[in-house]
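You will see two complexes here that share chain A, one where it goes with chain B and one where it goes with chain C.
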Partner chain A sequence: MPEPTGVIHDIGYQRYTGPLLGRRHVFGALYLHGLRTAFGLGRSAKAKIFPWLVVGIVTVVAAGVTAVRSQIGEVVMTYAQFADNMSWLVIFFVAVVAPELVSRDLRSGVLPLYFSRPLPRSDYPLAKLLALATALWLLLGGPQIVMFLGAAFTTDDGLTGVWNELLDLLPGLLYAGLWAAVFASVGLLVASLTGKRAFAAGGVVAVFLMTTPIVGTLSIMPSRTLNELAGLASPSTLVQGVGVWSLGDLLVTENGGAAHSLIGDFGPVYAAAAVLLVAGCVALLLARYRKVATR
Partner chain B sequence: MSTVSWITARGLFGRRRFLLLFPLPVVLVLLAVLSRSFGVDPGEWGPPVLVGLGLAVVLPVVALIVGTGVLGAEIDDGTVVHILTKPLPRWQIVLPKLAVATGVTAATVAVPLYVAGVLADSVRLGLALAAAACLGALAYSALFLALSLLTRRPVLLGLVYVLIWEGLLGNFVSGTKVLSIQQYVIALADRLAPTGLLETSVSVPVAAVMTALVSVGFTVLAIDRLRSFSVAGETS
Partner chain C sequence: MTLIATESLTKTYGGGVRALADLTVAVEPGIIGLVGANGAGKSTLIKILLGLLAPTSGRVRVLGLDPTTDSAAVRARVGYMPEHDALPPDLTAAELVTHLGRISGLPRTVARERASEALRHVGLYEERYRPVGGYSTGMKQRVKLAQALVHDPDLLLLDEPTNGLDPAGRDAMLALVHRIGTEFGISVLVCSHLLGEVERICDTLVAIDGGRLLRADHISAMTSATDVLAVEVSEGTEELSARLAALQLPVRRDGRLLLVELADDATYDLILGAVAELDLPLHRLDQRRHRVAELFATREPSHA
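Up next, the complex of A and B:
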């Protein structure tokens, strides 16, 4: 029997001895990556086209509104109304970003890699949801800041004028947060159902657009209660209903009485429905990811 | 029925996600029935249901999902090479796919529109809406099929057209209506059954010529693009 000739060389493999970051850091990294993905940062130029197209349009609109206000003195839209008027662009933005956030991971089958980290099942969708909501809030809040700056620098009342503007701006930003929460949760839930980005985008748009005409039809029914509850049928009118109830004259400048009768005394119902919608979508999203992860 | 159209139809219907298309027409019919049973004046519920929901949302969205799906899905997963390597002229690939896309879209949209039209006014309006929707389905399908060959992100570009061009700009800048398939469909339906329910600023001859132009032009463009088509991986 010949002598064994094999030799095990020490080629310098080492164990990792550095700090092991925990769950919070994974969550943070996932959130930051999601937020960067939303705007196509760190990705190819092609991925930047659509998000920045939307950002460009809302910024141009905000700049135009600011210019009109500073030159002519006419308030075209208040801070809170800005979100309402941009609803189509918000839908488009969700349709662009939500599939990027979740559908790609589903399609390329990398979820087991994520879940092999110290990352609970629920953290992945929550991080993505938070990233999408933040992106939407930035999309709606950023232009409001532009409008605020324009108004603050052209005000004639000195610091009190600036302070009044600020008091108008803050509810507007909160309202943008409500838009972001509702649209992010619904959009992400729809997008997480399919791994194909194309179908996810179509589905998101279908869900949001389909519901608007339902509101239009319900609001002309011969029942007053039904008319006032019609807004519940669509995410955007649901958010507007909550806004009319909580912000009142900040959202509705002309003939405020008419708008108030739009939702009647059902303001709290709208608020409860909005909370329920977000909670329900998040619950379904979590359930969805429990199932996906075990596949 | 050629093999290509058979494969395309099976690719569309064979997936579960195709069922996602059905709620759209069902909601349309439901709303029409609901409005009718409550006895609301058709002049009030007609425009939001027929135009706002049917022609402005259901038709373009269904056409978008189906039209980009017939060829785009195969390009996405790379199986398009199997068809491209067969000794078939390119038009024999594009035309059957366009026919399937148009047929599926027209069937999903025209039937509920017919029902809603009959409930709103008369059988004539129902037939007019159905016929106009079929023409619109052809134009939209040709447009979206060509888009799926021109770009790697056809659905998003199609959404830009449907949401921003037809939806947003169409309301503010009336000039863009001349280049909007939705307005052609409304104009044609209104010509076939003149009622007070449908309103557009586009004239009927313009609508007819432009619909034909869009359908033929984008089909020719699609055939031409497929001639020099290069298969690439998924975009980043």
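Up next, the complex of A and C:
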């Protein structure tokens, strides 16, 4: 072999004798990395464009709503309605970010580098899922905070007014959490099926948007029960169904009666379906990565 | 301490493909060459050693631990460099290796320090702040090696580290692996389908074919007492062969050459004497080292 000595840069190899952190820290590192990736932080400028465009849009909308309310006194949308109205943006955000989180790793073949480390197999998909859900929740919840601050500082009822606003805000944030959980689990599962980002993005959009016509068709069928269960067919209407059932007048204001009749007495069915959907997607995601890890 | 030990290790894939068949081998710490043709079962063996695949039957121990039950503990002490492309193109080498160091459990600042150290040891300096997508194949291989080193493992598993490199790149990579094995105090298992390459750097050689063990031994045991003298005469090869045999020298024909085992310096004199007596035109008389490949060739002619 060639002489290894005489290499100028060689100041010798240092062994590491310090501690190796446990599973919780590793999970946290992977989660934070995912969350940063979702917003393009630590990535190229190109990767930042879309996430921050969406963040910009929702913030501007929230600021506009707040301004209108403080000037005219008219509530354009409640906190929970804000999440509903932004759902199409959330879909596109998931379609761009979910492939960024998982498809890219599948494509570049970096997964063997993860799975050859002490990381348990399920931690990788779970950390990514949690990162995506957090990103979505921040996307929907952040602007609600803006709306809350605007309302709290312009309220005429003093502390009572602030307290009432807070009581309106919290269900809104929870509802945003539901959107985040459902959209993140479905979106990440779809994206994890392919390493091609364009296919993954198309797949995510297809699952969320192509199911809407099914809901439309079912809701004009000549059966009231079928109409009321139609919302189960698409993730967006499913989440809205749970919202209508649990939040009631926080979500449905003026035409409340009409909206409530959309799901009839099937509120608990919607809630159970949402839980099952999330659980099913997570289970499939874990199964998917059990298979990927042994490649 | 035994570094890696397997006992009747067998792996049969779903389709009935037998990747490993009754493989029993034990190796000591050092640089180990694992050679075999493509599809011989090298990558399957590595995945079992990492605990990523469960063996169909048989037992395996790595660093005294069982990767089938204790895979996290094994993986904490092992670094793995995969054969195929494994680098996301838009991250810089520094970011990627730091991130993977944290996934191995290094604290944040330690991960950053050790990542730049590891990249420096493999010969990447300012380049480490550029996206990996723009790297040459040689640089990518170095990044893959650096990420395997970042958490200071006790054993490195390198799957075809010289894949896709030009001759100079191969030499540099082999020199690096040799340095890791000798100076860093880290044992290395190098997989390759090129015997000539790994035999230059390893202490122990394990050869597998079709999932079966061909041979495992110290390289010194394989090459010792195998020095031969190659004699070439332009005519009278047969007569010389007969004369040398009469002198109690073990002689083999190899095409136009006569190969004579070199016992000591007296062998030279005997051969020269024989050539002079027969008055033959001598073309060549030189010493050759037995290549390990020839050992395998004579043992397992069907796999040569």
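Here is the rule we go by: the second predicted complex is superposed on the first by the 282 of 295 C-alpha atoms of A that agree within 3 Å, B and C clash if a C-alpha of one lies under 4 Å from a C-alpha of the other, contacts with A are read in each partner's own complex, and residues count from 1 in each chain.
The criterion applied here is as follows: a residue touches a chain if its C-beta (ideal position, glycine included) is under 8 Å from a C-beta of that chain, and two chains touch if they have at least 3 such contacts.
Not measured: the values here are computed from a predicted model.
Colleague: Would you sort A:Gly280 into first (chain B), second (chain C), both or neither based on which partner it touches?
Modeller: neither
Colleague: So, does A:Leu21 touch the first partner chain B, the second partner chain C, both, or neither?
Modeller: A:Leu21 sits against chain C, while chain B stays out of touch.
Colleague: Which of the two partners, first being chain B and second being chain C, lies in contact with A:Leu113: first, second, both, or neither?
Modeller: In the superposition, A:Leu113 touches chain C alone.
Colleague: One more residue to check, A:Arg43. First (chain B), second (chain C), both or neither?
Modeller: both
Colleague: Touching A:Gly64, do we find chain B (first), chain C (second), both, or neither?
Modeller: Touch partners of A:Gly64: none, neither chain B nor chain C.
Colleague: Tell me which partner A:Val205 touches in the superposition: chain B (first), chain C (second), both or neither.
Modeller: First partner only, chain B.
Colleague: So, A:Gly56: does it touch chain B (first), chain C (second), both, or neither?
Modeller: Neither partner.
Colleague: Contacts for A:Pro268 in the overlay, against chain B (first) and chain C (second): which applies, first, second, both or neither?
Modeller: neither
Colleague: Touching chain B and also chain C: which chain A residues?
Modeller: The answer is residues 43-44, 47 of chain A.
Colleague: Touching residues of chain C toward chain A in the complex: what are they?
Modeller: Against chain A, the touching part of chain C is residues 47, 50, 52-53, 72-73, 75-76, 78-80, 82, 84-91, 95, 99-100, 102-108, 110, 114, 117, 120-121, 123, 125, 131, 147, 151-152, 171, 174-175, 178-180, 182-185, 200-201.
Colleague: For chain A, which residues are in contact with chain B within the complex?
Modeller: 43-44, 46-47, 50, 53, 57, 88-89, 91-92, 95-96, 194, 196-199, 201-203, 205-206, 209-210, 212-214, 216-217, 220-223
Colleague: In the complex of these two chains, what residues of chain A are touching chain C?
Modeller: Those residues of chain A that touch chain C are 1-2, 4, 9, 12-16, 18-22, 25-26, 29-30, 33, 42-44, 47, 104-105, 108-110, 112-120, 293-294.
Colleague: Which of the residues in chain B come into contact with chain A in the complex?
Modeller: Answer in residue numbers: 17, 20, 23-24, 27, 31, 34-35, 38-40, 44-45, 48-49, 52-53, 56-58, 61, 64-65, 68-69, 72-73, 76, 152-156, 159-160, 162-164, 167-168, 235-236.
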